[in-house]
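Multiple structures are listed underneath, in structure tokens.
In the two assemblies presented below, chain A is common to both, partnered first by chain B and then by chain C.
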Partner chain A sequence: MLRYTLKRLVQGVITVWFIATATFIAMHSVPGDPLSNEKAVTAEIRANLEAKYGLDKPPLEQYFIYMGNLVRGDFGISFTQQNREVNDIIREHFPVSATLGILAIVFAGLGGVLWGALTALYRNRLPDFVIMFLVILGISVPSFVVAAISQLSIVNINTLFGISLLPVAGWGTIWHMLVPSLVLGLGTMAYLTRLMRSSMLEIVNADFVRTAKSKGLPATRIFTNHQLRNAILPVITVLGPSIAAITTGGFVVEFVFAIPGLGRYFVQAVQQLDYTVIMGTTVFYGAFLVFMVIVVDLLYGLVDPRVRLE
Partner chain B sequence: MNTSDTSGTGNTLDSFSKSAGRQLLVYALMSIAGVAALMVALSWASSLTGGASAGSQLGVDPELNMITLTLREEPPQLNSTLQTDNISGMVIAHLIEGLLRYDHNNQLAPGVAERWESTGMDATFWLRDNALWSDGVLVTAHDFVFAWRTAVDPANASEYAFILFPLENAEEINKGEMPVEALGVTAIDDRTLKVRLARPTAYFEKLMAFSTFFPIREDFYNQTNGRYGADAHELLYNGPFILSRWVHGANLRMEKNPYYWNPDRIKLDVIEFPYITSDQNALVNLFTDKKIAYTTLGAESLETALEKRWHLERFMDGSVFYIEFNFRSHRLTHNYHLRKAMQLAIDPAELVYKVTKIPGYVPAESIFPLWLRGVDDFFRQEYPAQKITPDLEAAKKHLEIAKRELGISEIPPLVMLTGDNPISNIQSEYYQGAFKKNLGLDIKIDKQIFKQRLAKMTSGDFDMVLAGWGPDYDDPLTFGDLFASWNLNNRGRYNNPELDRQVYIAQNEIDPRTRMEAFAEIQRIIIEDVVVLLSYERGLVYVTDPRLKGIVRRQAGADPDFTNAYIVDAAN
Partner chain C sequence: MSATAFASRDFEPLVHTREAQSISRPSLSYWQDAWIRLKANTRALVSLYIVIALMAFTILGPVVWNVDPSLQDLDQISIPPGTDRRATLVAPYQPWDGTTFLEVTPGLRLAEPATTQSIRLLWDPVEGLSGYRIFRNLFPVGPERALGLPLAEHFSAQEVTFEDLLDLVPGRYYYSVLGVNEFGAETQYLETLVVDVSRVITVDDAMVRGLIDEAAELQLGDVLILGLHPLGTDYLGRDMLARLMAGARVSLFIGICAPFLYVLFGVIYGSAAGFVGGRYDQGLMRFADFVVALPFLLFMILFKIVFGIGPGESGIAPMLLALVVLSWPATARLVRGQILQIRQEAYISASQLLGAKTNYLVLRHMIPNTMGVILVTLTFAVPSAIFTEAFLSFIGMGVAPPTPSWGSMCNEGIKTMLTHPHELIFPALLISITVLAFNLLGDGLRDALDARMRSTE
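== the complex of A and B ==
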């Protein structure tokens, strides 16, 4: 177990290094100039700006300087917000995105398992049809539409009751978290519901369930220990990649609900060609996701005794 | 095999499914409880990291004498010597005051200076004795000397250093040819500031209200270790408001500055900015929910606004948009007759009223927008631009001459460089269609995102480019010198000694009539020589809570200006 963990961590570091290098090369190959602005500047000012960001050096040297700083955990200063260190941007905004992401994952995971189990129990009956219809909607409607519709609904409900039941946008209290994280987790929840449903249906007639029933075990125990626990394995498998989808897909929800998360920096930096923020957010997200996938794999070993981690 | 498979198709659930369903319900209730606990924990954790606060205030709160607004994006730069964008400019102008300011009628008024005198080549400002920094220390002439020296210091690399070039030696210092101490500004004593100019500058006084000329106190600046303006506590205030909270990317709070020299002018106690978003739907929703007091409206939300019977207001934001030609000699657009043919083949009025259809926009008839002041009246009233009416016959004749002069039988496709946004898309497609239909010209649209478009503009990789210009200061020269051969923003490299001569006159003369006549000449040359194809002057539509009065809009300088705003509670 320990050896396996160490091996995975070393692989993770190599992956992150690869991500950083690939991003660095891609970023410098994109046409355009991070220092350019609507107003032209003189050659002298330009030279000073280049010196400030180290862009006056040859690319290879820039790469080694950057990697050196990266090892020390220094992502540099933002190009567009010249007073802010990328470390600060990540430190201030990642907790917000993480909060939103954790809630969305929890919503998606719990919701997916519960709805999936429910539809399996009520297969081909009304609850199954209704929920599966909603699931198809949830999978196919893009999150920016869901976000916009849910925000409009909040406004209409508030107007109807004449008081602010739920905040329209912003961040700070529990109530600010509720709708955005539901919206963010909705697509994944729908996907997991479908996965859980089919996984449950496979297990309903499995030999060990029949054995358990014929042994006369209580129904609740069969349901929990033999059915749910086995059916949940595929859900955990896709939870890892889902974390990736949710944390990087938070941009739309953050934008619509004016939430100060990291997602908008991640997207805007690319548009603005803000080298340091692009590198910082990409490497950070990359490292984060690699780490999450390792965690999920280890978790898998805990949930399923049949899986041996070697 | 099929012992339990009937559960799905039968009319009643078997006992196993019933008890499993009950168990599931128990799990569901546990999940809800768990999620609730998790949310409480997360909100507690986020309040610890300081990422939280704000977001539930009223748009207009007469009890707290507070208004709530949004920002389109996080202000990128609150260091007044480095700031270049409108959002930072708006924020800074509420926090810091220069020697002079614009009042509620958009007239120049005393700021930190209580009176001033200027002779054309030099100026003297006498500072008031009650203008204080937010730590209670007097604002002195030295604070201006320090700020201006910092702004032109090449090491500071300010993109707006050029705006100080009317000062003696400023340009040389910025090029690194002279030390910053050589700048033509001296503090005679704490309360007297003397300025020497490099050339007579008619609009010099107006510059004093521009943020690059705002004061900075040296000891405070040095103490921030290069982080001046990076945080609320790393900025010193002498304006109507102080920044009492700034959670980056999340929210800002301005409070009335108790040390401001003219407290009676400031009616509001608090301005909150709890939302940073440019999402048009979110803005409309927030306004509908009465959570914000003011918002601009995009074309897509106008229908909603009309349905809700909001009182809409229009405002020309002062910028003008056009198609710039590439005059580099290997480009076909170098040819006058080709440009003239194109000018006669399009109709900006059609573009504005039938294609883009955004309220507030007007067809542009001159590079000088309508709001600019001339001698006594608006410049465009005093010197109307020559009217171009579309004339397809004449256009085709010019096209024939162009082909003959260029020695080609067919004009190859011309590259039109444009930005990647809805308005640019509509516009470039309109022009593409119009040139094809009216002249048989093929246009290749080269759509690029912001930085890539700039790179191509700078390297001259285009025949035509959709461009625009907003004013840097309140004088026609901010538009007038755009196509001077030495101007770096003249990306098409237009070069006309006669236009250069007129720009020189406008820069160096003091007499308003002489200058305005020079601008009229520039206006004529730009139209007659078809330096650009004029498109539109940009406008915007906005809506304000009826209880909020006194917002001042202006084209050059901080906009919108809430320093004079006040709440009338009578509407309640």
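== the complex of A and C ==
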């Protein structure tokens, strides 16, 4: 277990290094540079600015400086916002995105397991058809459309009751988080429901379930202790990739609901060609996702004793 | 118990016929069998028809509905489908001196019939005020006093006329006049008027737009029929149907081309890795693992700016390239796994024994046997590519305007969602239908082509 963990961690570090290098190469082949956004400057001012940001050095040296800073956890200073460190930006905006993401994953996980189990239990009956129809809808409708429609419905509901039941956009209270995180988790929830349904269907008639029934266990106990616990395993394996999907899906939801998260900030930084912010955010997100996948894989070994971590 | 009656003919030997040897059903190839199974699946078949219909919409649509998607119809901006297309012919615009009036009723009133040419408002002066503010709203003014767009401010209590010429469209407006005191603060004086605007067009305009020719004998007050827009127009007066067709070309082109290219690359990469094996295989697959670990959408955006869009370009090629660069590893992994599996099969050894060369083995046995899996991957890759395109265009990182794509149309539509929902609904609906059709078709193909992956439904 310990050896496996170490191996995965080393692999993770190498992957993060690869991500950082790819980002560096990508950013340095972008036509134009952040300084050209500024007003017309003389050659001397430009040279001074380049020296300040280290852009006058040869690319390889820049790469080593960049890597050295990364190892120390320093992502540099923003180009467009005077004297603002990328670390500060991440520290300020990431908790918002993370809160949104965690809520979405909780919604998606709970909803997916619940609906999936329900459809399997009511196979080929009305609840199954209704839920599976909604699932197909959830997979096919783009998240920004769902976001727009839900925003529209909030407006309509608020007008109907004449008071502001739910805020339409923004961030702050738990009420602000409710709808965006539901919207964000919806696609994943649909995916997990499908997965849960098929894994539940395999287990509904398994031998151990029959044994439990013949021993006279109540149906609820069989459901919670035998069926659910076994059927949930495939869901846990895809939680890692799901976290990635939800994190990036957050861009749109943050955009539509005007939430001050890191995703929205990233899009803004790209539009302004803010080198350091783009590189910092990409590497940060990349590292975050790599280690989330590792954590989920390790968790899987704990949940399912049949899986040997080698 | 009764004894069974046997006749002597029961003991005659059966005639040995040739037919007994023959196979009663025609022998089916893998693809014929798959096609029969797909046809039995109603959902998949309907999806297939939808996909064909979408192709027809994209390719044949512009032939049938030959309208330039970038042409602006300035008389009909942001109109929903099924809008009244009649316009009354009127005289050219004449400046207003504020003296005409329709009827003498107290309070805020219209001085002339409200038309898209101008709306002329008149109200009674109120003692003790030192000015007015005039607002226009598209929604009823409630108790919370959401007055809408501020149009003008008058700095005299005696100035009680206002002419609105700003972007008038047929429909209902709610005008409000708010009294302002000497300190510029709002007072209790507030009047609201509901105005229904009718569409008018001048003779000159109608000629310029080609609605009438010079020889036509027309009088003021005649009714003209404006150009037809079956699905309405967008915020710049462009025909929605033509734009949806042009957008379909972009969205489906990216949605089908990108998966095709990266699946092809993945097949080559994966089969090379799987066939060569050993240390090369390890190295190749480790590289694929790294590419998988790149945060997809972040790098999509990065690559988009790296490959750059020059002025006048649509940005389709950079997006295609970025999709291919980032998406191939999944297919490569899948194909490699398949190839490794097939390599163990006895028929490969038999073929090798008969002297088959590597090229022959790969092309004759390995690729055809993985074709089913590849086809299923391809079908599922299409909706995700369409989603990616729509997503990027939605956040403004996709195809550059004025090239329409369904995603960028959604992005434009979402801004006017409250007043003109059709601008969002149509492209969103098309994206959803396309993705749905390809998903269901993929499910059906998987069931038909690959017995091992058959879904438990």
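The definition used in the following text is that the second predicted complex is superposed on the first by the 308 of 310 C-alpha atoms of A that agree within 3 Å, B and C clash if a C-alpha of one lies under 4 Å from a C-alpha of the other, contacts with A are read in each partner's own complex, and residues count from 1 in each chain.
We adopt the following convention: a contact is a pair of C-beta atoms (placed from the backbone, for glycine too) under 8 Å apart; a residue touches a chain by one contact, two chains touch by 3 or more.
Please read all numbers here as calculations on a predicted model, not as lab measurements.
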Query raised in the report: A:L178 contacts which: chain B (first), chain C (second), both, neither?
Result: first
Query raised in the report: Which of the two partners, first being chain B and second being chain C, lies in contact with A:T220: first, second, both, or neither?
Result: first
Query raised in the report: Is A:L49 touching the first partner chain B, the second partner chain C, both, or neither of them?
Result: first
Report summary line: Larger residue footprint on chain A, choosing between chain B and chain C, goes to B
Query raised in the report: Just chain B (first), just chain C (second), both, or neither: which does A:N158 touch?
Result: first
Query raised in the report: So, A:M189: does it touch chain B (first), chain C (second), both, or neither?
Result: neither
Report task. For A:S140, select first, second, both or neither according to whether it touches chain B, chain C, the two together, or no partner. Result -> second
Requested in this report: Once the structures are superposed on A, label A:F255 by its partner contacts, choosing first (chain B), second (chain C), both or neither.
Outcome: both
Query raised in the report: Just chain B (first), just chain C (second), both, or neither: which does A:I203 touch?
Result: neither
Report task. Considering only touches as defined above, state whether A:I105 meets chain B (first), chain C (second), both or neither. Result -> neither
**Report entry** chain B and chain C contact sites that coincide on chain A, given as residue numbers
**Finding:** 30-31, 148, 151-152, 155, 255-256, 271, 273
Report summary line: Contacts from chain B onto chain A in the complex sit at residues 1, 3-5, 7-9, 13, 15-17, 19-24, 27-28, 31, 34-35, 38-40, 42-43, 45-47, 49, 51-56, 70, 74, 76-79, 82, 84, 154-162, 174-176, 227-230, 247-251, 274-277, 279, 281-282, 285-286, 288-289, 291, 449-452, 454-456, 458, 488-489, 491
Report summary line: Touching chain C in the complex, chain A uses residues 15, 18-19, 22-23, 26-27, 29-31, 136-137, 139-145, 148, 151-152, 155, 198, 201-202, 244, 247-248, 251-252, 255-256, 266-267, 270-271, 273, 278, 281-282, 285-286, 289-290
Query raised in the report: Inside the complex, what are the residues of chain C that reach chain A?
Result: 289-290, 293-299, 301-303, 305-306, 308, 383, 387, 390-391, 394-397, 407, 410-411, 414, 417-418, 421, 424, 428, 431-433, 435-436, 439-440, 455-457
Query raised in the report: Of all residues in chain A, which touch chain B in the complex?
Result: 30-34, 36-42, 44-45, 48-49, 52, 80-84, 88-89, 92-93, 95-96, 99, 102-103, 106-107, 110, 114, 117-118, 121-125, 148, 151-152, 154-155, 158-159, 164, 167-174, 176-178, 204-205, 210, 213, 218-220, 222-224, 227, 255-258, 260, 264-265, 271-273
